[in-house]
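So that you can tell them apart, the chains are marked A, B, C, D, E and F in the order they are listed, and the count of residues begins at 1 in each.
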Amino acid sequence: MIALLKRDLALAIRAGGGFGLALAFFLIVVTLTPFAVGPDSATLATIAAGILWLGALLSCLLSLDRILALDFEDGSLELLATAPIPLEGVATIKAFAHWLTTGLPLTLAAPVLGVLLHLPTDGFFWLTLSLAIGTPALSVIGTFGAALTVGLKRGGLLLSLIVLPLYVPTLIFGAEVARRGTQGMSADTPLALLAGITLATVALLPFASAAAIRINLR
Amino acid sequence: MIALLKRDLALAIRAGGGFGLALAFFLIVVTLTPFAVGPDSATLATIAAGILWLGALLSCLLSLDRILALDFEDGSLELLATAPIPLEGVATIKAFAHWLTTGLPLTLAAPVLGVLLHLPTDGFFWLTLSLAIGTPALSVIGTFGAALTVGLKRGGLLLSLIVLPLYVPTLIFGAEVARRGTQGMSADTPLALLAGITLATVALLPFASAAAIRINLR
Amino acid sequence: MEMNVTELAVTRGGMRVLEAVSFRVVPGRAVVLRGPNGIGKTTLLRTLAGLQRADAGKVEPGPEAMAYASHADGIKATLSVRENLSFWAKLHGMFEISAALRDFNLETLVERPAGSLSAGQKRRLGLARMAVTGRSIWLLDEPTVSLDTDSVALFASAVERHLAQGGSAVIATHIDLGLDAEVLQLGPFKAEAPEDPHEDFHEAFL
Amino acid sequence: MEMNVTELAVTRGGMRVLEAVSFRVVPGRAVVLRGPNGIGKTTLLRTLAGLQRADAGKVEPGPEAMAYASHADGIKATLSVRENLSFWAKLHGMFEISAALRDFNLETLVERPAGSLSAGQKRRLGLARMAVTGRSIWLLDEPTVSLDTDSVALFASAVERHLAQGGSAVIATHIDLGLDAEVLQLGPFKAEAPEDPHEDFHEAFL
Amino acid sequence: MSERLPKPTSLWEYANPRRFMALSGFLLPFVAVGTAAALLIGLIWGFFFTPDDYRQGSTVKIIYIHVPSAMVAINAWLMMLVASLIWLIRRHHVSALAAKAAAPVGATMTLIALATGAIWGQPMWGTWWAWDPRLTSFLVLFLFYLGYMALWAAIENDDTAAELTSVLCIVGSVFAVLSRYALVFWNQGLHQGASLSLDKEENVSDVFYWPLLFCLAGFVGFFILLILVRTRTEVRARRMKALQARERMA
Amino acid sequence: MMPELGKYAAEVLSAYAVTITLMVALLLISLRQSARTRRALRDVEAARKNRSGKESATDV
């Protein structure tokens, strides 16, 4: 299992795409926002936390199809399925590697980009916290979507369509935490709910992902 | 040339993905925005025009890699390059077909989705107008990006990175038209500039796209 | 139309692969290109078709007289056989596809979506495309891949019909097609590493 | 470990392809599967490897005793040969890869990124993976594709070494490997369309 | 059917395609007539012969299409969930096909509920749309329908498609419930509470009640009718594919 | 015959129009698909019967 994680990380770093591209996309979405909604800093400050969450979610989304597609194409996925580790474990590791190469850098980059959107000072802590807690759920749910669409030609947009409604609860609670935090309100309840969703998806969804991979390999 | 356009449209409709998925993604981005920035209708109304433009741009972006990749993979692109029509014409037609299946439906859907974001009544006309004028530029620029990345495996995210900066001027003027129109200000100047960008890109970029395709086929 | 290739040099992936290739194809005749894997048959055909530039040498007539069929057939799975074929016909300003359908035994399949064809049937559709381009010189790259013996015979007779009408063909293949054609071994044209040490450095940037 | 396949029925794309396949492989022996394109060799091997469910029948032992090599090798272009191989070794709880590197003549290539290997070298790396799984039954699907004659001989001797150590192998191939192995013709096991008219409609949903 | 089938001994036998075709073919005309009657009675009664509400004016007439379509939209997803479970557990092909057949109907009903609700909202709340939990969760439901149908359309192998869409349907249902709660937490709504509960106090008044019941029956009938027609289409298409594949192999 | 819809006539009528349009469209599409597959299946069955001479088991 650790061998798999190490390999995936090595691949993500060497291919050059893993870290960089999702981050770059995040950067671009955030920079485009003021062009789209106008440069007024009060407006930007109100929506900053939300846009950062939305941007992180979209960047995460765009890198989802790399989670399994490459391994499917070169036959590694079949070999992993016959290897002596459970496919549920493979799905978990894949999601974890995706989080390390996407969710984590996004979380770390968000405060920096927050400056661009005039995020109020109080918000930085809560934004980072909510992303740190919420992005693992995004990776796990995304892995499920990738598992469903792994055999398909041009699954990219379909993957987005399937995954996005599944992201709704995470996004609501995550953005709510960041928003309430920014306005100095108590964010305990949504934070607890967000953590609950992350824990539940991390614990349960790998089973569904593994089932989907098995069906797709058949 | 007309035969090519007809074929591309037929393919987009039969494959089922052409129209539907970009629209669906647009719907999703717009739906997710209030979850991210909160349900307050005054805030939403302020940013509605900008978010609609941004959402249309992102949906357009995600369908770019279909413009040429499928034709490249099955060898049609080579055959088109040796056919007795100029490759510049092919690039133009491809961009036009992309606009018909993406930009046009997005333009028509935008007012409907504007309702969801509480776009002020004045804004509907200007939003639709700016999208109608601006989206052709998005398709043409996107075709250029697709031509640059056509031979590459997993060119998707790279394509986004290349194309997004090129989209900035269109986005700025397009969103500006919609925003000023929404606030009842005069939008003539940005409208003229937007139209200028569209005309210039439509007239000139196909040459660059054709050159890029030629290089990639070599 | 007579085809003249003189002193052609072709390059692939930055490396010169063939040099000083010269041959002539008169109307009504076919030339078969032979040589081991990787010698440059595909590269040569792509150069003749105008898809890549020749490093040196000359090809007459230009690409607009040639129809090229590569490994990929350019077939759209969701369009029917008729739609696929008549698209390419229209693109070349032709409108008549029934002769091609007949020649390649596709008549019973016209309304089938091309995606549901077997590999051999697809290949036949790809070759029928040559016939609807109305061009006189056919460039064929391993045309008989995935064809069974009957279809190979069918293909050979289609080529013969094309030759009989005054067309010509250049065919890269590893198998015997049963065609009466000249054979051009590409082995002798294999590019040498340049002798001149000055050339050497330059060549890294070809 | 002895392998027993009894009355196996396998399905591909919703259609039964082979029925009532039974054979036995004793340790130290190999079985070669033969049959025309599309008869179901790949499907049978995938079923044995546990990648798809058997429609009927039984395979002993289970998938955990088998190492499967398909057409695709699962090689990562950006990792070196050593990294590729030791990854699969670790995944199977093994740590020693030098024997496999030696057997498949990969020693001089260990530090090369796998993407820069030629097709034949890649294939050798893919086969070396079998040796590091530590599993006793090898399932090989057309293992000699894109190997030149020297490499085929190398492969045959690697299989023989595996057999000599008490392993066994099931190999689908169209060519002669020069191995002393039983041949199983799959032709006779081809699934028939069911006769019973009642079955007929039900079968639409197989 | 050209020959008689032995009498079924269990309900599950209707999962046999032949039996399903026989039974559904027999039922279709009755369902069609019943649906037409209920819809005509309900809609005409509701539209022409009910008084205006004192608060809502004539817009109250929208209730006869809005509420039934909303209910059918939700229950169509439930039916798909059940059918998916049946397919995964007992592997009855007809149920997988029925789930496939139900999705476009459910999506259309969702669209109708959204559209009529939006049209109703304009006079009642002064806005077409509000981010009310009930409304929003309907929008999310619509997205689920879209994703489900897109997945069906994208996968070539029918059995694989059936299995994967079933998995999506089950996981999706869990997330649909989750988002419902998330939405309630996120925003307090404007929307009406339950009005057809058994508790008589809260029910809509009798004048509106009866035509509404007819409309409900009509919409449910319409749903069943379409499921039957569409499932029969799927069964036939499936058989045709199998025959063609067999021919290609022969 | 038309009931008095008051100032909300546009709303009520458009709601009914949207609903009826969508329902009828769905019904027509379903029926057309049904007829089409029925015909296609019949053709396939007929072709098969001709070839094998064997009696087809079903006439769905």
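Everything below uses one rule, namely that a residue touches a chain if its C-beta (ideal position, glycine included) is under 8 Å from a C-beta of that chain, and two chains touch if they have at least 3 such contacts.
Quick caveat, the model's predicted, so the values are computed rather than measured.
Steps from chain B to chain F, minimised over paths through touching chains, total 2.
Seen from the Cα centre of chain C, the chain whose own Cα centre is farthest off is E.
Chain pair with the larger contact count among A-E and D-E is A-E, by C-beta pairs in contact. Because chain A and chain B carry the same sequence, their contact can be compared by residue number, and over half of the numbers here are used by both.
Measuring from the averaged C-alpha position of chain B to that of chain E gives a distance of 35 Å. With centres defined as mean CA coordinates, chain F is found 48 Å away from chain C. A separation of 25 Å divides the Cα centre of chain A from that of chain B.
Listed for chain E are residues 18, 140, 143, 146, 150, 154, 186, 239, 243-244, each touching two or more other chains.
Listed for chain F are residues 57-58, 60, each touching two or more other chains. Contacts with at least two other chains are made by residues 17, 21, 24, 28, 35 of chain B. For chain B in complex with chain C, the residues that touch the partner chain are 3-4, 7, 10-11, 14-15, 71, 73-76, 78-85, 217-218.
Those residues of chain B that touch chain E in the shared complex are 16-17, 20-21, 24, 27-28, 31, 34-35, 39, 41, 115-116, 118. Per the touch definition, chain D reaches chain E in the complex via residues 13-15, 193, 201-206.
The part of chain F that touches chain E in the complex is made up of residues 1, 3-9, 11-12, 14-16, 18-19, 22-23, 26-27, 30-31, 33-34, 37-38, 40-41, 44-45, 48, 57-60. Here chain E touches chain D in the complex through residues 16-18, 93, 157-159, 238-239, 242-243, 245-246, 249-250, going by the rule given at the top.
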